[in-house]
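Next come two complexes built around chain A: one with chain B, the other with chain C.
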Partner chain A sequence: MRSKVVLRRLVKNKQTRYGLIGVLLLLILAYVGPFVAPYDWSDKDFMAFMQPPGPDHWWGTTQTGGDVFANTLRGLQKSLVIGFLVALISTGLAALVGAAAGYFGGWVDRILMWGVDLLLVLPSFLIIAILSPRLKGGTWLLFVLLLALFGWMITSRVVRSMTLSLREREYVLAARYMGIPGWRIILRHVLPNLSSLLIIDATLNVSGAIIGETSLSFFGFGVQAPDVSLGTLIADGSGPSTVISYPWLFLFPAGLLVALVLSVNLIGDGLRDALDPGSTS
Partner chain B sequence: MGKYLLRRLAINVLLVAIAASLAYLLAASSLNPQVNFKGRNPPVPEATIDKTLDQYNLNPKKPLLERYGTWVSGVVKGDFGQTWEGDSVNEEMGRRVGVSLRLLLIGTILGSGLGVLIGAFAAVRQYKLSDRVIGVSSFVIMAVPVFVMATMLILAATGLNNAAGSKLIEFVGEYSPGLTGWDQFANRLVHLILPTISLCLGQIAFYSRIQRNMMLDVLGQDFVRTAMAKGLRRRTALFRHALRTALIPAATYFAFAFGTLLTGATFTEKIFGWHGMGAWLVDSINQHDVNAVAAVSTFAAACVLVAGFLSDLAVAALDPRVRVS
Partner chain C sequence: MSILEVKDLTVTFPGGIEAVRGVNYSVSRGEVLGIVGESGSGKSVTSLAVMGLLPRNAVVSGSVKLHGRELLGMPEDDQIKVRGKTISMIFQDPLSAFTPVYTIGDQIAEAVRIHQKVGKDKAARRAVELLDLVGIPHPGVRAKAFPHEFSGGMRQRAMIAMAIANDPDLLICDEPTTALDVTIQAQVLEVLKTAQRETGAGIVMITHDLGVIAGMADRVLVMYAGKPVEQGPVDELYYRPRMPYTMGLLASIPRIDGEEGPLVPIEGNPPSPAALPPGCPFAPRCPMKIDACDDEEPPLTEIGGGRHVACIRSREIEHKGLTGADVFPVPVIPPNDVVRIPREQRPTVLELNDLIRHYPLMKGAVFKRRVGTVHAVDGISFDIAEGETLALVGESGCGKTTTLQQIMQLEPPQSGRIVVLGKDSGKLGKEDRKALRGDLQIVFQDPMAALDPRMPVGDIVAEPLRAHGRKNVDQRVAELLTLVGLDPSYAERYPQHFSGGQRQRIGIARALALEPKMLVLDEPVSALDVSIQAGVINLLEELKNTLGLSYLFVAHDLAVVRHLADRVAVMYLGRIAEIGTVENVYDRPAHPYTQALLSAIPLPDPEMERTRKRILLEGDLPSPADPPSGCRFRTRCPKFARLSEAERRRCVDEEPSVVRLANAVDHGAACHYAEEIEVITASDDQEEK
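== the complex of A and B ==
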């Protein structure tokens, strides 16, 4: 019954509709676009360096004759995959840690929350940047793990405080008196009751992860060549002299990045309105 | 209250120490200063590299904990060691901290101040055109990462300069060399425009969203109606009673937003060519400069905790309940 109400609210919400359409279009662009494009991302056109957008190279070419359209779609794919993976892992981690801290209380709570405090003191950007030399030569999956590992702290605090109140509910108490072990109560009773918070959070984490990934890749601390992401492409296209003379190198990846983050945020906001109508933030 | 703040301060000092140690250990184990000597012509003999790195306590061949011990014994005395080229980290840091603090201070004050005011304004005019415009633009701005924002500002400023036919807005570095007195001061201000905007916009958007929501919660409450009923003017009632109460949650978010500001400052410094701590972080990681990285991390941790402490103070000043308990 509830899911029907939520679904109706979602469909009626204009924000969510625009957001969903945006993400869908970007997904299609990223995964269908390469089949339509005349050039592959690994092709180098030695007859065309730094060409502005035109009929042959739709979005222009790079310093080495790479096709910006193909490169940007390739980067978009990577940023999308990284964003979704990181959001999934970090929200899962936040749910488990926060619920464990809230449910078990005592020293478990103290140690976990102390760890959270410590991780919040150093910005995650800084920690991953320091660890980044180890990424060189490794796969980008390692980078995904790092991003997820340092992105769950704030959510886990919210989960913890909500678990504290759930812990005293009748159904949780009943389960506990029936002798069901703590971790099963967390998985069966606590987390499902936090699902709306977790869904909203996972969605907003996608955009957070995409911004985090592109920011690190911008400085070369993230996705490593020959892989490209929107961050590395924007880095190649920015810098005062490049961006003024060859704006297409910057504008296309940056435009897609902003469109992606904006669409995901729209969905997240719409989801919040639908799942949690009383909330204000 | 004083006792509580003192305890917080002590915990904060401890946290900075732990965070700095963590950063040092991470940096020392994942960065490798030997790389800087590789590929030179003529090649540098292994023994020379070792000797140089040993001198600066940077040799990865030494056990990690031994290096850490040397580093700690220096830091306790206030010495952050040397860069891989043998310069004093303290001197470099002294130069750069000022640059960064100037950016961060302006960014924090303008960002939080304007954000709160704009958010409160939007709340008072809920559902009117101005509220919608503010809402939509803050939503869009929050989707634009700092490095995209900074580059777009550069594009816009170049367009403006070309249209005006002269260099109205300069955006490379902190000031143009060769000026003195008032000219130099004005020149510094001109150079500040773009970095400040790129740093502030995100903060303004963030605070205005929080402040609008909190203000809306408060506006409907009895004490605001009572304040107006007892004859206060609308503006006084809004400022003295509604805004103050609604500020409390925004003040607690201050500590959190500061971390974002710090990261944003890294991009701003790097893109606009300021030689501050953020730019140093990027450069020193690229040069595998362990001691410099550790120093920047310590600075970042200290900044985050000072922001947290300030936000505690602000909450205590705004919320009488905190002071009593």
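== the complex of A and C ==
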């Protein structure tokens, strides 16, 4: 019943439709595109350096003869994976920590919220920037964990305050008087009733994570060469002279980044309107 | 001459939902018209349409004439001049009716200045006068108070003061006392009567409480599914109802002067305004239904004596002199086997001994310091024998919910003892506590909040079974749903697909899942409509008798308590004022508080209401953070006021404890000067004799 109403509202919203179509197209482009493209992202074409877009290299080539189309799609894949993973982990962490703090209260609450406050005052960008070169040998998954670690605190505070009101609800009291243990009440009664908040938050976190990843990679702290992401590609193409003389190096990855973040944000806004019609901001 | 005339009023909301489908009524000067109906019957929407306060997307048609002037379609600017000047409205929730950032006096003065050309100081003086009129003590000082400094009853009085500020010709009261406690309700109704005398206004009184209408109204309009089904003078309608719905409604209310025996429920639920049945909307629930009822909706026709009825069999009802009890099937409830054994020989299932629960009152943001103590529960003792229902009654803030939480938590109490089924809660291990939870279950007040909206009904009922590792869960769920009168196939649906009464049955099924020996009922029917309420009360009674349960029943509705309980404990400010069997406490109350409480409850009987003598209490419940010394009730006690100086000393210095009354087996009161009197049926005539 409710899910049907939400779905109808979601589809009726024009912006959400554009967002959904946008994300879908970008996903297809990122994962189907490489099969259609004539070059692989690791191929180097020594016959063509800095070629503008043409029939052979659709989006042109780089300084080292790499194919911009293949590189950009590879970067898009990476950014998408990182974005979704970070959003999933940070929202999950926020939900568990916030709900535990709110439900159990007392010293559990105090310790968890102390941790949250500590993480909030740490300059996350700086810490990731310092730590990431040391992880050079490790996988990019460590980078995902780092990004997630610094992105969940605000949501967990919101979850905690909502849990505080939920735990006084009669169905939670009823469960407690039945003798159901606390963690099971959190998983069965508290979190499902916060699902609309969590879904919205996860969606908006995706775009936040993508932006975070690209900006770190832009400064050389995130994804490390030879691997590419949208951030490293933009960095490569954004030297003061390159932007003007070889715009294709910069325009394609930057354009895809804008399209991706915009689409995800449109979906997030649409979801919020559909799940929570009261807030029309 | 009539002030307000409503003709063929209809209100349609988007989606073709017809909330009001043709309402006609008129109100004359000084007349009180009562509009009765269950939730969703369109009674509030009708009044909002008259005031022009409906949202823009509602389509209103028909005619509303005030002093012959058409109100519908009037430009907004003209409507504003009428609102608050000629028509005033009193809303249900006194909490949200005032702006929290201005003082009460300013807000009333503002209402005066909007419609009258008077100076600021004159308007302020008028506000104080009005507050005095509605019985606010020290009106000059209180006018400078902010809304949050007023109690609920005082806010509702201030609301009335604001409504009569401009001498309106018509007052619309939408459930004006529903949110208030009974003793406060009695005060506010008295103020409303005063306000009417002062202004000579006509009143439209909208409520679901047939007792309030009986005492206030001259004429009554009964609404069902957006349409009036019966209209007439109050006595005629109460004593000789001609429409099966009215008859059922009157037969289904429990009464404090009532007889024992099952209540008469109206089967089924009110129809949804989006899917009305063909023909008479009441036909699917009506025991007198014949085939012709489905053909077309009967119009409201005049039957003489100023009465209108919408039923094709009304003549027959009149002719045979039928009443609700004749028409509606009276359920048969199997007798209770346990009660044959005398109470002393039955085992005790719950015992409370001098239970105390105090909450510290903290102040300060960084360094919290204790500034006082809230005496929520301050030494109460009672016991419940097997197969017995003990009702804990009292007004909001008296500590009944805290008591109940203390019992349900099964933790060691701050002080005193809680013994459940022979086990002391202070000495329970973790495993024992979980096992004991299976024997002690709870049914909550609000059927909306008590069921997790994200779980299907089957899972909700199965939850306790799974938590305690029972086998054959699905089969047991089906059994339980059948037991509470629901179809086992409902297990797959979600709670929001059910009506309030059905949801409460699901809550009961969940509580019964582990075959408990004792149920705690926290106001189980107070959120339900009258016609639904009777069915749930009967179900509870039947379950108690067939399953041999014991109930601790917490309620503020004394009429329901009389019906369901064997013994009753009256609480006031964290202590028990009076305890005893229902017959003793209701027919011969000895504590002045119980007497006031019982006399404050309106009876659905116009004649009795008119002659009844009320014991009105002064003021509000004192704060439990600062209870009066000695007897806690002395600040409001009508008896204390009549005592001599020497006698009063004892009330001030010595706190009374519950003492068994001399000539009763099971009846005790905590009053130094306890004296049994009859109050429910007490009238002015009796006083003179």
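Note that in this section the second predicted complex is superposed on the first by the 279 of 281 C-alpha atoms of A that agree within 3 Å, B and C clash if a C-alpha of one lies under 4 Å from a C-alpha of the other, contacts with A are read in each partner's own complex, and residues count from 1 in each chain.
The rule we apply is simple: a residue touches a chain if its C-beta (ideal position, glycine included) is under 8 Å from a C-beta of that chain, and two chains touch if they have at least 3 such contacts.
In this text, all values refer to a predicted model and were calculated from it rather than measured experimentally.
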Combined model on chain A: chain C and chain B, fit or clash: fit
Contacts of A:173 with chain B and chain C, given as first, second, both or neither: second
Partner chain in contact with A:5 - chain B first, chain C second, else both or neither: neither
Touched partner set for A:25, first chain B, second chain C, both or neither: neither
Contact breadth on chain A, by residue count: chain C or chain B: B
Touched partner set for A:122, first chain B, second chain C, both or neither: first
Touched partner set for A:238, first chain B, second chain C, both or neither: first
Partner chain(s) touched by A:187 [first = chain B, second = chain C, both, neither]: neither
Distance in angstrom between the closest Cα atoms of chain C and chain B, superposition on A: 8
Where chain A meets both chain C and chain B, residue numbers: none
Chain C partner contacts - residues on chain A that touch it in the complex: 1-2, 169-171, 173-175, 177-180, 184, 188-189, 192-193, 195
Contact set on chain B toward chain A in their complex: 15-16, 18-19, 22-23, 26-27, 30-32, 139-140, 142-148, 151-152, 154-155, 158, 171-172, 209-210, 213-214, 216-217, 256, 259, 262-263, 266-267, 270-271, 281-282, 285-286, 288, 293, 296-297, 300-301, 304-305
Residues on chain C engaged by chain A in the complex (per definition of touch): 408, 433-434, 437-438, 440-442, 444-446, 449-455, 463-464, 467-468, 494, 496-497, 507, 510, 514
Chain B contact footprint on chain A (complex, rising order): 117-118, 120-123, 125-127, 129-134, 154, 207, 211, 214-215, 218-221, 234-235, 238-240, 243-244, 247, 250, 254, 257-258, 261-262, 265, 269, 280-281
